[in-house]
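Some structures to go through are shown next.
Presented sequentially are two complexes of chain A, the first with chain B as partner and the second with chain C.
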Partner chain A sequence: MDELIFFINKVLINGTVIGSIYALGAVGVTLIFGILRFAHFAHGDLMTVGAMFALIVTALAASAGFTAPVPMGFIVMPVAMAATAVLAIGLDHVFYKPLRDKGTRPVVMVMASIGVTLMLQGVVRLFAGTQSRSFYIGEQKDIFRIAVPIGDARRTITITEPQILLIVFTAIVVVALHYFLTRTRRGKAMRAVSDNPDLARVSGIDTQMVVRTTWIIGGGLAAAAGTLLSLDVVLKPDLSFNLLLPIFAAAIVGGIGQPFGAIAGGFIVGFAETVSIFNWALLLRPFRDIWPEAIEFPTRIAFVPTEYKLAVPFFILIAVLIWRPTGIFKGRQF
Partner chain B sequence: MAEYRRDFIAFGLLALLYLVIFTTFGTAYTTRMVVEATCYALIALGLTIQWGYAGLFNVGIMGLVAIGGFATMLISYDTNPAFWESDGPAMLAGVFFRLLASIVILVGVFNLHRTGLSKRLRTIIQLIVLAACYLWVTGALDETATYIEREAGFIGGLNMPVLVGWAAGAVVAGAIAYVIGRICLGLRSDYLAIATLGIAEIIKHFLKNADWLTRGTLTVSPIEWPVPTPNEIGFVAARASYLSLTAILVVITYLLLERALNAPWGRMIKAIRENEIAASAMGKDVERRRLEIFVFGALLMGLGGAALVTFARIFDPSGFLPLNHTFLIWVMVILGGSGNNRGAIFGALFVYLIWTLSEPAALYLFGLAESLGTALFNWQAPDDLDSRALQMRVFVIGLTITLVLRFAPDGVLPERLGQDDK
Partner chain C sequence: MSGDYLIEAKGLFGGYGGADILRGVDIAIRRDQIGVIVGPNGAGKSTTLKALFGLLTVREGTVQLNGTDITNAPPEKLVPLGMAYVPQELNVFGTLTVEENLEMGAYVRRDDFRDSLDHIYTIFPPLADKKDQAAGELSGGQRQMVAMGRALMSEPSLILLDEPTAGLSPLYMDQIFDRVVAIRKNGVGVLMVEQNAKQALAFADVGFVLAQGDNRFTDTGAALIADPDVAKSFLGG
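Let's turn to the complex of A and B:
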């Protein structure tokens, strides 16, 4: 029984948590890819910057003496989301829009976004240094240990408060996004631009507004993902670069321009990571007594050593590019 | 002559700048800088043919540079008798045998459609066999790696001439580029960027964690030089002879590239870049040409990386950073003028100079700001001010990229288009 609980903790819970983070990031990437037609490499750093904003507000609130039943970082998250959305629109105006207006190739836009990545990284490290920071200023991170009343289980299912908040938040985002994209005028306009920009423009859709909305959603969700991840672990200034590859993999797996595909892709990549680094030999342990003598009992069956976790999203990406370049949800193929 | 005036002015000013450095910082320092700059020039030439001539977006230069350096280390480092006397070679051969056997089995399994099994069943069998083979091979590899690390430390080198190592570095980098290119070049250019970014990180992770092969974070040194080392003939003479070697490589590469690009092949490459559809309508094999270019560029990157690591005399996998070994080279190429070989060389020499000087400059400026701030506002500077000052260079690199793309997309020495191209 203990082994099963260990499996739930390590694979199911961790996979859901990291999958939610990837999903929140991938929604932004896929929308930007679909509407502005370039891979936004600065997305990971938008997450870091968003988490930075949240940390600053949290510190202010903590020094002002506010307390709350849930972590302060979560309460101030909307502020950080709004600030990051504004920042994203600003970045677009200063760096991407001039290039877009000149009609440069999408690949040059990608290059520009890498420039923006480096600038954001530089600024964050200039003001925050390179060390990790915790969101918990004068509060405790709640950890729930749920005992399982079956058999002789001694382990408990462990989940932390920020993990619950993250999962709930992601669920709300999925529902809200669905309503936004299918029921509102603005959401429908976004889908129209994504499907056929020229047709959308001649039918009188305000593309400027669509672009702005894209950045608001992308920036806001990036800030939320960054904040929630930092709440669960710590805020590291170089967190973004490691997130970039899984997020792109998630967006491509789900099909470019498909927000729900991106969410599914995020969970696929997240679970693939936890499944492949999990030591499956643990689950065989209860059967040790009936294990045939002839075969050596395996102590370690893991597909990927933990230090090569980054290879998992990469190979998913490669596999999808080879077998199904449109992604599993039939996104646009470029 | 008039058309080369810009080149003359640019390179003249650059020479003047290096002369100033030479007189202020001394011979040894300057030769070191120039050697490294020429190594970067080789890498930048690789990037300029990928990006400038074919429009291929490679952000995984770091991986190719690292693999080039690794191959040199493996070929030229002294042999490790502890490894060769142990069971290590036999075990490695065993792993290799398992790998070959797996490949044979997999080829068989992926040809199951000839037997007429249903597609779903085939996929299931393929996945199971793939996973089993993978576990079989990696299991043996794990065991071997642990054994080698315990008995011998790491497998050591092959004690062959360094220049063989450089060639091997180029070839291995080219082979990796071939695989990536085969997968990604038919797709949209952004995908190539994402894939190269990923492969670079994976190569770095692998080199860092495969202790049995590279000693990981313990690093390997000293790596032999193809020319006499400083211990034998002194710093300046040794560095100067190394410089002559790298400079000759740069010149040869440059001449060969100019020749190739003014040949029908080069015109075809440019035609593909300018209008892919028209070129393929004329019967040009677009994907194949792109793959060629991508592999050629990677060869140069591997060679440059090999030269760079050899010069440093130490192979340290953690020393490869996306900033220094990918984005710096991008700045060199787009600032120098993409699609122009002289531009790439100019960019490499110029940007590397600025990059090297920016370190003391940033420290000085931040020190100044700190003392001013303390004097005027009683500002308490953070302890890690120095490391933050160096991070400022990240910002400057990013700013340069965005500004050049927006205001001077052609760079200092723009691509020279022929009379007919205008």
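Let's turn to the complex of A and C:
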């Protein structure tokens, strides 16, 4: 029984948590790609900067003596999301829009976004240094241990408060995004621009507004993902750069330009990671007594060692693209 | 006199940055008229429509809509002024449903456009049954109906159609031409480029025969069909 609970903790809960983070990031990447036609490499750093905004406001709130039943970082998250959305629109205005107006090729835009990545990382290090920071200033992270009253189980299903908040937030985002994209005038206009920008223009759709909306959603969700991840672990300046590649893998697996594909891709990549580094030998332990002596009892069966976790999304990516060249949700073709 | 024209373009010169494709094109139609632009490949027919709709730079010449100068105004300004354009290719949002396509046509309107939706479904009955289907899944003729419906949703006074029957079977071609006449009956001016010159000139109030970026003949549709020079050179005898 303990082994099963360990599996639930390590694979199901961790997979849902990291999958949610990937999904929130990949939605932004895929929307930006759909509307602006380039891979936005600075997306990971929007996460870091967003989390940094949240940390600053949290510190201010803590020093002002505010307390709340949920982590302060979560309460102030909307402020960080708004600030990051404004930053994203500003970055677009200063760096990407001038290139776009000149009709620059997408590859140049990608290079520009790598430049923005380096710049944002530099700015974060300049102001915040390189050390890790915790969101819990005078607060304590709640960890829920749910006892399982079956058999002789001693382990508990363990989930932290930020993890619960993350999963609930992601679920709300999925529903809200669906409503926005299929029921509202602005959401449908976004899909129209993503589908056929020339026709959107001749229909009189305000493409500037659509671009702004894209950055608001992308920047806001990046800030939320960065904040919620930092609440669960700690905030490191390179936190989200390591997330960037799995997030791109998730967006492509789901079908580039497809927001719900990105969400599905995020969870596929997240679960693939946790499943592949899980030590499956643990699940054999209950059978140790009846194990045939001729075969040595395995102590470690994992698909890949933990150090190679980052390779898993790309394995999934290649496997999916061989099976469906435009991703699971039939995304854009190149 | 000139104030009577719905659209009037005089002496248009322009192209895509290189040599001029249009070399002095004149187009003028009155309210509730159907104008048809015909001519050989490369005559500048589609380019003329694009020039009127601000999709390429007019280097010389003027365009007036209802007497207002709109030369080189961008499409997003022209749609609210009552102009709509249906490109020849990629003229529907393939991943959006039929109804969403029509709603995007009404994007510039902030009023309730449900009446217009019903109106489009009466003009194009096949669309009513398919309103929740993705436009990309429809047949070529039905896609053309979606494209025309989308353009009509902005309640234009003038609709520009670029080869609406290209690639359609003769059956669908007749249907589309019927719809064009119906659109005009509802008080919308139509300016269309058409490969099926004879059939289109038959119901055209004004016909423009272009060749090498300039008007070769301009007259009523019936007169152009009757003109032996036009027939010999441009209508295949």
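As a convention for this text, the second predicted complex is superposed on the first by the 330 of 334 C-alpha atoms of A that agree within 3 Å, B and C clash if a C-alpha of one lies under 4 Å from a C-alpha of the other, contacts with A are read in each partner's own complex, and residues count from 1 in each chain.
Methods note: a contact is a pair of C-beta atoms (placed from the backbone, for glycine too) under 8 Å apart; a residue touches a chain by one contact, two chains touch by 3 or more.
This is a predicted model, so every value here is computed, not measured.
Considered on the superposed chain A, chain B and chain C are sterically compatible, since they fit side by side.
Note on the composite model: angle chain B-chain A-chain C, taken at the C-alpha centres, equals 90°, rounded to the nearest 10. Contacts of A:G266 after superposition: neither chain B nor chain C is touched. Once the two complexes are overlaid on the shared chain, A:P106 sits against chain B while remaining clear of chain C. In the superposition on chain A, no contact is made by A:P162 with either chain B or chain C. In the superposition on chain A, contact is made by A:L244 with chain B only, not with chain C. In the overlay built on the shared chain, the residue A:G28 is in contact with neither chain B nor chain C. Note on chain A: of its two partners chain C and chain B, the one contacting more of its residues is B.
By the touch criterion stated above, A:P98 is placed in contact with chain B alone, chain C being left untouched. By the document's definition of touching, of the two partners only chain B reaches A:L317; chain C does not.
In the superposition on chain A, A:G226 makes contact with neither chain B nor chain C.
In the composite built from the two structures, the nearest CA pair linking chain B and chain C is 14 Å apart.
Chain A meets chain C in the complex at residues 185, 188-189, 191-192, 194-196, 198-207. Those residues of chain C that touch chain A in the shared complex are 53, 55, 75-76, 78-80, 85, 87, 90-96, 100, 103-105, 107-108, 150, 154. The part of chain A that touches chain B in the complex is made up of residues 33, 38-39, 41, 95, 98-99, 104-108, 110-112, 114-123, 125-126, 129-131, 241, 244-245, 248-249, 252, 301, 303, 305, 307-308, 310-311, 313-314, 317-318, 321-322, 325, 334. Put simply, chain B touches chain A in their complex at residues 55, 57, 59, 131, 134-135, 183-184, 187-191, 193-195, 197-199, 201-202, 205-206, 209, 322-323, 327, 330, 334, 382, 384, 387-388, 391-402, 405-406, 409.
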